[in-house]
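The same chain A turns up in both complexes below, where it pairs with chain B and then with chain C.
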Partner chain A sequence: MNLARLTLEKVRRLRDNETLKLYLRHKRGLAGLAILSIITCLALTADLIALRGYAEVDLSYRLMPPSPKSPFGTDHLGRDVFSRVVYGARIALWVGLLVVIVEACIGVPLGLLAGYYGGLVDKVISAMTDMLWAFPPIILALAIVTIIGPGLTNVVVAVALVSWAPYTRVVRAKTMSIMSREFIVAARAIGESSFSIMFRYVLPNVLPSIIVLATLTIPSAILYTTALSFLGFGAQPPTPDWGLMLSEGKDYVFNAPWCVVFPGLFLTLTALSFNLVGDALREVLDPKLRFG
Partner chain B sequence: MSLLAYVFKRLLIGIPIVFFVTIILFYIMYILPGDPIKILLAGERVTPERIEALRREWGLDQPVHVQYFYWLSRVVRGDLGISIVARQPVTLLISQRLPYTLALMLTSILLAYIIGILTGLVAALMRGSLVDTALSTMAIVFYSIPGFWLGLILMLIFGYYLRLLPISGYEGPQSLVLPALALALPSSGYIMRLTRAEMIEVLNEDYIRTARGRGLSESRVLLVHALRNAIIPVVVMFFLDLPWLVGGAVVIETLFALPGMGRLLYISILKQDYPVVQGIVLIITVLVVVCNTLGDIVVAILDPRVRVERGEAA
Partner chain C sequence: MGDLVSRTLLKIENLRVYYETPRGPVKAVDGVDLEVYEGESFCLVGETGCGKSTLALAIPRLLPPNARIVDGSIVFKGVDLTKLSESQLRKLRGREIAVVFQNPMRSLNPVLRIGFQVAEAPLTHFKVSWREALSIAIERLKRVGIPDVEMRVRDYPHVFSGGVKQRTMIAMMTTCKPSLLIADEPTTALDVTIQAQVLRLLRELKDEYSLTLILITHNFGIVAEMCDRVGVMYAGKIVEIGGVEEVFESPLHPYTRGLVDCVVARRGSKARLNQIPGFPPSLLNPPSGCRFHPRCPYAIEICRVEEPKLIRVEGEHYVACHRAGELDFSTVLADVSEFLSR
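So, the complex of A and B:
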């Protein structure tokens, strides 16, 4: 028994190393990781590298082009665009992570239930998932925000509530294929409860797919929340949210293009880095995973 | 299962879904704050008796489920209620703006699929080459760009610096070019990746080798045998994409001040004009269900195996 466990541990370690090696050979994945590291560093050290506070108004220095004093220029209230972009990175990463966590908390248990019980439970959950899947998320999120009111937190909730379907679909399919495996039959035979089988036996085996999925859904989570902020339903001034910055900057786009170019550029780079990392992770961890 | 029977069955499944959504929609409108009568009569001096009479006339004194059936019977007859802000029938407001949204969606989806399928095919046929790497990277970059930012940048370049195209309002078909591009480019990235992946998978199949072995010309192998099968998932995506574009249209129409349905939805939400919001969401729901059904039917026509499998499973 002990020997078996030791061997298993060794096999697992070897496989993990193999995974790492595979990832390190993935050029686009490495590029994504590099961009993501830079943006994460900006977010973490925002207090140190920001030249001024993100809400510091200087009306005598409005709409100034990029210069050594303010590398990304200043906006219509004379706030430093670089500092706001850097603080915005915090919001974007935080929002992306939060949305994905809530999505997984809704989608994963539903997928486990559908895959584990099958039958009517599966039919009801699958019908719900399919319906949600087909609906344009922005419209649904807008509808929810209409009811619960605007604000960054509400937008995070709304986006998460409407986009958990991919998790349910993937976890359901994976659970179904795992259910026929021997270790599940064995777990049942020794009298493990359904709950324990779902969360202690099935879930760890589905985890790699969930990680891939989470990485790949962060970009859309960030893009949807910024789109809602852009429309004015999300973050409220003076929050340095990139979507809100674009919304405020769009009125000055022709005399001060830097107000929209830089926040949008960082938004794109953030989404791009997660897409690149997610793609690489998928190829390494779960090449057959498909969704959407 | 014959094709006709399959189509019929798919249509039947669509009806309860629309029904279900109308219940949710109605209930949401019901629990929203605000008395519809008071909102409608805002500013007018009326006696409480008159309000009571109106309430009875509109059926607002009935229980929720009865009200729902009143509402549904009106909706079925094409009456979506009256806009609180514009004081005009919702159906009229929507029908005035729908053509712009349809034109925008059609233009952008055509653009997206032409760009996506062509680049996807080229990348698949030149797999592993520098061209493939460049196109694949371009695809990921495209779908990482938020449409509204792309729209702003396009405005800046083509509307301001080059002064080639209009940037705000509707002045004719040329007004659709920039918004359509802003909507199309991000989704073309997805279509490119899907086309490429499907084509590569199909090219590895035995029947392609057989077709080549039989001495068929390369163009015949690629176009007739490979593309026909590779394109099926892309076609499915087309029908799933269509309603999703409405979501993008809300943002893009607002940015470019196009007088479409998406902008109407945005303004109605801002002004809390609930009947209009309800009407537009209902129309989008119908669009979603119709597109899904069409997608399934088209797949059944292109790929006869689907009919058998799904017919038995259901």
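So, the complex of A and C:
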């Protein structure tokens, strides 16, 4: 089989892909994807499109309203808000992704173990998740950051540590329902090990749910890290973090609203776009909603 | 007899499997004794819920978590399977003992490619590379008659029809050429036209790989066609065992006779179907004595009180009935032999 034929086959499969077709018919999902693509493009090309460096101070040009020279205005140190917002997109997306990855790395294996073994293992893991659930996440994250010290990386760790519980819950429930399916017995009948059943039979079947959950938790991850940065525990100046920008700009909200409006707007748009995409994915990947 | 003992592949003694439920233990298999000889086809027949699937799944210990082997032994090639650890069992499953399940639609992992699933067994049991495992898989898939195997191994199960899925399942279970294949109603979920093909395939593979086959079914036609010996189960117990012809031509247990009667009556199109009156008993609280006595037209006092033992009547024909021998079922014999000769 040559390469051209393989590629053709791939294209054909993609064209026939039901999930993709359904997604392309989902209007809100497409809108979300469009906003997300724009923000991602901004983040990726930040070095090209930023008018100035994000930390470039120009004290003679402080708190200027939006103009062709600085489309989103300038902040109290004369830094270009547009450039900072664009670089901030980089941080926000990266942080969101990182938090979700760490969360999934903690939550998914725990959920698999709980759902696969049941019994005592399940009781212990479920008790842990329930305990975590009982705390307001932001307070717990604050406590963790207080212990391990401020900084963006620490905030990512803290947020991930307090919000993996939904993954465990979802994966555990899904695993339990999959464990009762016959192909798991068939896998055991050919002599598969528990590890292999968990990761090669159960996990691929849980993956759609994990993907949906991930897209739906990215916005809250971004919002939590932003909140911590806003409170001064996260990114430290002059990092162009949106939370930090809001915090710095809040004193000038009446005479220079652009300092907070634009970071806030982008924060909202990012969260919104992930939510739209996540909802669309859930509807597209859920066979019940698909045919119901 | 010594000759027969040496040929015994599987010997089940006094096996009891109970399901724990909130309403108490369900005695799905309650004291089963059974021997399966090397190279034979053994059939287990019985109504839905009589414990035949539980018995089958108990052999490779693939029972659901709420099931418990309460008592008894399952000796396979001289090893008591009930005493093995999970990791020791894992080495046997798929390698020595394989199971083909009832519903091929649900027995294949929907998100793994066919080739991957069939290659899993050799990959687990033999020291082979992924590529070698895949080529074994392709070879076996070709053997079970799947067209265009090289292309099909990249497909996911949902694009296959039921018959092809069951063939795939059979290929998957026989990749390592096990010595015992347990087929749990392998054709129940398939179209009638496909059933015969799948059965023929099973019989061919049995000869080719010299498998011992335990076939579970409620279809007497399949029993007659496929098997050397047959065991009839009722309410968690084996009530009659024997060669297929012996059991069909001279059933000794009233329940077997009733079953045979039901099938035979189907031929007369106008006549009302024969049936065994009543319902199978609840296995939560099975009847005392002989479990069949509430539905048995020949029941006498002792049937209510004492549980009949499985006794040898002649040759390899065993029955668990207090009145074995004194009952005369000759009225149905003519019909049965006609049925068998078709």
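Details
Methods note: the second predicted complex is superposed on the first by the 270 of 292 C-alpha atoms of A that agree within 3 Å, B and C clash if a C-alpha of one lies under 4 Å from a C-alpha of the other, contacts with A are read in each partner's own complex, and residues count from 1 in each chain.
We adopt the following convention: a residue touches a chain if its C-beta (ideal position, glycine included) is under 8 Å from a C-beta of that chain, and two chains touch if they have at least 3 such contacts.
Values in this document were obtained by computation on a predicted structure and should not be read as measured data.
If you put the two complexes together on chain A, you find that chain B and chain C both fit without a clash.
Residue contacts after overlaying the shared chain place A:131 against chain B, while chain C stays out of touching range.
In the superposed pair of complexes, A:246 makes contact with chain B only, with no contact to chain C. Contacts of A:275 after superposition: chain B is touched, whereas chain C is not reached. Among chain B and chain C, the chain that touches a larger number of residues in chain A is B.
Put simply, if you stand at the Cα centre of chain A and look at the Cα centres of chain B and chain C, the angle between them is 100 degrees to the nearest 10. By the touch criterion defined above, A:106 reaches neither chain B nor chain C. When both complexes are overlaid on chain A, the residue A:204 reaches chain C alone and has no touch with chain B.
Shared-chain residue A:118: touches chain C; no touch with chain B. By the touch criterion defined above, A:35 lies against neither chain B nor chain C after alignment on the C-alpha atoms of chain A. Within the superposed three-chain model, A:193 lies in touch with chain C and out of touch with chain B [touch as defined at top].
Least inter-chain distance for chain B and chain C in the combined superposition, rounded to the nearest angstrom, is 9, based on C-alpha atoms. Looking at the complex, you find that chain C touches chain A at residues 57, 60, 62, 65, 87, 90-95, 98-99, 101, 103, 106-112, 120-121, 124-125, 169, 172-173, 175.
Chain B meets chain A in the complex at residues 17, 20-21, 28, 32, 137, 140-141, 143-149, 152-153, 155-156, 160, 240, 243-248, 250-251, 254-255, 265-266, 269-270, 272, 277, 281, 284-285, 288-289, 291-292. The touching residues of chain A, when paired with chain B in their complex, are 28, 131, 134-139, 142-143, 145-147, 219, 223, 226-227, 230-233, 246, 250, 253-254, 257, 260-261, 264, 267-268, 271-272, 275-276, 279. By the touch rule above, chain A contacts chain C in their complex via residues 118, 181-183, 185-193, 196, 200-201, 204-205, 207.
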